[in-house]
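Chain IDs A, B, C, D and E follow the sequence of writing; residue 1 opens each chain.
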Amino acid sequence: MSNIIIILAIFGWAILTYIAFRLNKTLGNIFVGLIAVALPVYYFTYVPEDYSFQVMGLTLQFGFTSFSSLFAILVVILGALTLLYSIPYMNKKDRLGWFYLNFLFSIGGMLGILMSKDFVSLFIFWEIMTWSSYLIVIFSGKKVNKVGVKYMVYSAIGAYAMLMAIVLINKWSGTTNISHFFETFADYSNGAKILSSLLLLTAFAVKSALMPLHVWAPNAYTNSPMSYTSLFSGALSKMGIYGMALVAIMLYTNTGMKFFGEALAWLGAITAVLATFWAVFQTDIRKLLAYSSIGQLGYIAVGLGIGTELGVMAALFLALLHGLFKGILFMAAGAIEYRTGKTDFSELRGLIWKMPVTFFSALVAIIALAGMPPLSGLISKWLIYEALLSSEHYFLIILIFLSSTAAFLYCFHFLYGVFLGQREDDIEDVKEAPALMLVPMVLMSFGLLALGTFPGLIFKHISSSMSYLGFNDVTWEMSVLTNEWGNKIYLTHLNTMFMVVFAVFFVIITLVARKKTRRVGTKDIANAGEPILAEDNYHFSQDFYKPFWRVISPVMKYRIETFYNSFANGIGEFFQFFRRVYTGNGQTYALYVVIFLTILFIVGATLI
Amino acid sequence: MSEVFFRTKDLSTINIMNEQDILNKILDHFGNKVTGNVKREKRVELFATTNTIEDVLLYAKHQLSFIHFTQLSCVDWIEEKQFELVYIIWSPESKVTILIKVRVDRENPVAPNIDYIWRHANTFERELREMYGVQFEGLVGAQDFILEDWIEIPPMRRDFDTAEYAKKTFFDRPGRENARDVRETIRQNSGEEIPEFAKKYSR
Amino acid sequence: MVADPILYVALPLLTAFLLPIIGKINKELIRIVPGLLFAFLVYNSIALFSKVSATHTPIIVEIAGWAPPIGINLVYSSFTGFIATIISVLALLVWAYSYKFKKLEFDNSLKYFVLLMLVTAGSIGVILTGDLFNQFVFLEIVALSSYPLVAFYRGRNGAEASFKYLLVGGFASLSILLGIVLIYSQLGTLNMADIAAHIDEMPRNIKIVSFTLLFLGFAIEAEMFPLNGWAPDTYSQAPGPIGAVFAGMTAKAGIYALIRMIYTIFDFSGAFEILLIMGVITLVVSEGIALRQENLKRMLAYSSLGQMGLLMIAFGINTKTAVIAGMLILFNHAVIKSLLFLSSSFLVYNSKDKLIKDAYGMGKKLPLTAILFGIGAFAIVGLPPFSGFWGKLYLLMASADANLLGLIALILAVSVIEIVYYFRVVNGVYFKKSKTEIEVHKPRWNASLAMIILAAAIIVVGIYPNIIYDYLVNAADTLLDKASYISHVLPNLASN
Amino acid sequence: MDIWKLLLTGSVTTVLAFVVGMLYMGLRRKITARVQNRVGPPIYQNFLDVMKLWSKKSSINHGFMQHVAPLWMIATSITTLMFIPILNNGSTFFTNLTFEGDLIMLLYLMVVGSLGMALGAGQTGNPNSAIGVTRGLTQMVGFEIPWVMALVALMIQHRTTTVAGLLDVQVQSGTWLMLSSPFAFIAALLAIPGMFRYSPFDIVGAPAELASGPISEFGGKYLGTMMTNGAIFAFVKLTLFVDIFMGGASNLGFLLLKTFALYMFPVLWGLVSPRFRTEQAVRFFWGWPVFFGVLGLIQAAI
Amino acid sequence: MVNDKESQKIVDIIQNFARQSSLFVLAYGTGCGAIEIPPTMTSRYDAERFGIRGAATPRQADVLLITGYLATKSLKRVIRAYEQMQNPKYIIGFGSCTINGGMYWDSYNTINRLDMYIPVDVYINGCMPRPEAVIAGFAKLQKLIQAGKADGWDRYQKNLEFYRGNQKKIIHNWVMPDYNW
């Protein structure tokens, strides 16, 4: 019972929070703060119990598995931190009660998905999550149709694919129990195997924004408030990964249908490459991060697709890690938006002087995102490469490498465009973000730092959850990574070495000519002797990667969005034709009746 | 004016005219507002006023195919208390250069802006504004063009004494007065020999 | 108090005739008396329905004491009772909603309530009766009272819509009547159970012809494509609550007649397929047309036609799950579409053309109505935890059981289209700025209460559908069990 | 791991790398001069340059990131150096941390410096620096692909991801990998000039166009650190390449010989090439080098 | 660090040696003298053998080479470039225009004596001086540096008032940042 209580409590609390906000803003904020604290505390202390009941002749079952609890950790931690972050971030806006209602509903929906043991309850919570996130996507009231409805339509396509799979599974196996489905999956006919797995993969691919179905993601991530986007990209998209992992791995272990895994891996790789390329050319920080999210989710799909032990480990590790660093980055973007009201690269510059803490959190996140030592991103990248190498995916690894190298481009663009470059007078009154916004970012940065040297902290959970997926005896060490060929890297040595050399040279370079080292303003630059006037700003923000664009533009011209749009228009036009049937003329209608009668006679005479 | 402006003649149909024809055409068209003479071969001189100069230029450009604006210069007739603006245009058809001279008052030098006829006239006008102080009505462009922070009278006016100004503003190096070899002076001042290899190449 | 199926028909008819006289006593009574009547009908339904679902045997009432093959009888089974309950509750809510309707002056309200009662009585009569000709009569009552309701506002458009309805409805009546005549000429009986028992005796040709004629007539009332040309006009021209009445009552009566004919009277197995195919066509075409509608009422009307298509599909599949799904959809359609019609009529209350554009920006001005409309939209596209979801799920499960994979995909694709046009409207209501200044008409407490009850029903059933699940199973059993229907109505026949 | 021994051997390796790298760069200047019919600076000229830069009496920075950017680079270079086997004869003196990392890690470790540089350059506020960085990163996307293709081919073929493992393969078989996997070698070799950013791939820091690009605001001790880093990193890259493709070296003499021979390739190529624009450079790398990389992958797969 | 005077001397000698043998030149190529720089640096005269090479920006440069006349407008840029260089830094005035105005001695717009505005360590005379003369000038500068006498940067720092006064005399609209070391 205690399982379902956590969700019902969240939904109930959501409504209470709504009421509290109607009464008083401060009271509402207190309610939000309370649940942000209570959620992790409750989650990490309660004893899980299974629970089931009957609805409409269907059995709904609830209970965490060792696999889903891994994601639940992410949801709970990120949910709590984003809630805390939201309190100052959203403070100036209206309709807060509505916002938090949906916020908590989507957290509840996610936890519900994770604790659903049957498909129907999974679907119900999936849809609750979808519409609550949709309501937040359109919360700002901007681009509601262009972005919001698009998001809802793609989500619906995914969800309905899942629904179709559910009813088919229900028919084939007589129950909607998830584990029963996977156990009996091997007995299905080939068509059933392919159909059900394809439908489920489609469903989960939409949420995790895999390539042909990613179209909604950039705009939806951009349009929702940043405090929610942290959760959206960090945790909500992981629900797709959760389902995809289940399906992909179960397919592998039960049937050995390698083709699906390969296809998934290739899709993931293409997603990673194209999304990264798009991210490189974005001019809005939120969009950049959104495309980057899609790319990272592509990596995860690759890891799941190859389906070896290292691959799945990499995917799960990256899934958690992505929650952390993309959480930080979206929060940083939110902090910038909160303080300056701008998100476009052409308007932002030099914020490191004003928001150093935000900068260093973002820097840590970016280093992790780019996969550089000494942070934890290296581990996820390393695991993916080693998995690809040992499973001999020659070309996938090249694609992934292309993507992650191109990722440096947007990483630099983000840091430079926002934080570095010349200072401008209009940021003079910008202040560092409020403490409550910084705390989540800094906490997560520490998490990234710790995981960079001691990934074992999270490998512990991953190995136990991988046993659920059929990988028993996953070996892991606190800070040593081993690939399938027995090659190891010692993270402690690597990171200590780096830090020590860094520290030694830091001392040297700081001490040499210390008294004669001056810090000058960013307008004091070597500019062919021309002094930069107060009204000038030489920040580089236009056509940032023009040469790169010239190289890859032949490929990037083709966008799948155009195809989708023309398809949708085509449907509209097609039904416009039918609209002419309803002429509005009574005689025509009478004629229809006669014609219908004639046809019915003919059909009836032959058919009945 | 707009009539003239928009009705451009097809260049291919124009007969190649000599200097006298051009002069006659202009004088016929403008009557007594413009005077002029043929100075020498391929060169026509016209005298216009600030009121007629735009019409003359437009007429010459669109009717007589003087499509090339060569230069706009200025002469300081300080004795007559006048500036003379010289508009130089040239036709690729007849290969004739026309100098159109316009006198403006030196005390209040104002002339019409013609950079809508030729875009690059803007540059000449800004230069004249800065160097002579001639004001062109409605001229757009930064005030500081070549000179920065100039606070004296415009330097190309004849009443501006540039040597005196240089003496006053910049520092003269002693020894500049006679025409002695500089190396001699340096040797004298610092007592240093000219290096051997430098001697080889010295005159 | 007494509870009897006969009261469903008798009381409203009686009250309808007495209402002008009552109005002479006190004008306020004109508004109050129908309410009392509808409240009684609701009580009647609950009492009867609990009895039926407890005993699992239908209540059969023989009018004037004649035994069924000869006399007219009313059959109140789990199936018919369920629909009758929905209709009566809906009638009560519509009354509550239109009590103190602004445009209802004394004369108007008299007409309005009389017609409302006639429609209710007719609809319930169609559902309860066990006699084919009697069903025709009730259908005519429904139709005849619907025509003036459509033209209630006396405008040119209303008259035109009403005339179209009249024209097509005339065809329906004619064709039903012909069908009945044919059957009577062959079998000499009009009782449904009796016909069903002796349908084998009919010559095949005449059976087909009569079936075709009846099918055509009922299909017109059930708004089947392409016979539903009248429907969008009537929905959009009638007063707001009447849209709900059409969607919740008359259309239900039509579809019921169709179902009863196909399930019970005739024994054509191909009929189900025809129903299924026509349902699919109706669904796809109507929803597709709704996609680009600019008129809010018409959009809702086309959506309603689509729902009718869904119903036809559900009953066309002809399995138990499918019938349960059909009942659920019937319930959802009645509740949700009524809510949508009722709330949308406030959103575009003072607008002349009832365009979607005119509802823009109403989210701020009419917060309650807008949120209720939003709930309706969320429910009708089948998002959990609203009741629309269960209907859709069951329909899909039924299609899956019948191996209709393409149908599943089609229904889901149409649902996506539904999402597009409904969410556009909801977004517009909340986030777009209205270009023209339209005076806002706020719902009174009675209207709000009616809508809130509907919304509450949506949410409650959505969260805990078990409360109606058992009734649905009973109803499905009852509908599918043709033999027991015959044996209940004609106990003598079985013993023969 | 004996930490004191690591300290000793690590320092010696670093000094070796510094000296060799500096001399190579001096040689490059000398060779360039000779090719251009000049006398050229003395071979030790770069030591003087670094000394001069370190003895500058003042230096400026534009903020913390610029202050730490050179450190970031040099820490990267030295850390990378520690993970690269200098000799292939199992000499414990130059082992350092060789067996505690692998090639994938090295690939990522080697770009950390670029990020540090990029951030430092970004904070200076000089647009030329940022433009240079974008060009550098773009070019990196170009040359990393053939380079990684070559490495992947070798790694999968020999089923090891460590440099030491690849060295062992060559020592045991007695054949250099450049001979047994010629296509991978060609792909990697063509990527080398890009890594060194020598002409024709020197648009990143083109002095006349971009005022030396990313380093345009670095002077004094910062520039000195960067030049030091450049020397060490050049040695790192050359040694890594020699280890992977040319069988490593059993003593320092061979090491110098092989690395010098390898170093001459980008130097001499650069001498006779004009400058590529950024997109031309990327197109170049994604052309023939990638083609050879694909051939190498196919060879490895077969 | 090293406080002892004797050892400081040794350090100075070493440092000065490094400084004199590695001169990064920022060429301020305004006048006609700029055309003399390419032959100086390329194969005919090859200044690189003395450790002289070009620098792209003032931050990296040691020597500011002013090749010819300076208009008042370009003087501003020269001062700016000079102030951005890192100590120790040297200036070579190149051609007679920098010495006494040369042929522009009476122009309203070109300065006459460069050393009144920024501290010049070495003048190379001639109009224009040939590359040999340029290299001779550099050799002279190297000698001065080794002897520790090339202290123009120090003079500038100490007499900043004087130089600023002269500069501001012709640059009326003073928008430059302060010289802060």
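Convention: a residue touches a chain if its C-beta (ideal position, glycine included) is under 8 Å from a C-beta of that chain, and two chains touch if they have at least 3 such contacts.
Here the structure is a predicted model, which means the values were calculated and not measured.
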Assembly fragments, subunit E aside and the remaining chains unmoved: A, C, D | B
item	value
Minimum number of chain-to-chain contact steps, subunit A to subunit D	1
Set of chains whose contacts include both subunit D and subunit C	A
Chain closest to the middle, measuring from C-alpha centroids that were averaged per chain	A
Result of counting contacting C-beta pairs for A-C and A-E, higher pair	A-C
Label of the chain whose CA centroid is most distant from the centroid of subunit B	C
Chain whose Cα centroid lies at the greatest distance from that of subunit E	C
Geometric centre distance via CA averages, subunit D-subunit B, whole Å	59
Mean-CA-position distance for subunit E and subunit B (Å)	37
Intercentroid distance (Cα basis), subunit E paired with subunit C, Å	97
Touching two or more other chains - residue numbers and ranges from subunit B	none
Residues of subunit A touching at least two other chains	516, 518, 520-521, 523-524, 526, 528
For subunit C, residues that touch 2 or more chains besides their own	none
Contacting chain pairs - touch in the sense defined above	A-C, A-D, A-E, B-E, D-E
Touching residues on subunit B, where the partner in the complex is subunit E	146-149, 151-152, 155, 160, 162-163, 165-167, 169-173, 175-176, 182-183, 186, 195, 197-198, 200-201
Residue ranges of subunit D in contact with subunit E within the complex	29, 33, 36-42, 45, 48-49, 51-52, 55-60, 207-208, 210-212, 215-220, 223
Contacting residues of subunit E [partner subunit D, same complex]	14-15, 17-19, 21-22, 24, 42-43, 46, 48-51, 53-57, 59-62, 85-88, 181
In the complex with subunit B, residue positions of subunit E that touch it	72-73, 76, 96, 99-101, 105-113, 116, 123, 125-126, 130, 132-133, 136, 139, 166, 169-173
Complex interface listing, subunit E residues touching subunit A	28, 57-59, 76-81, 84, 87, 175-177, 180-181
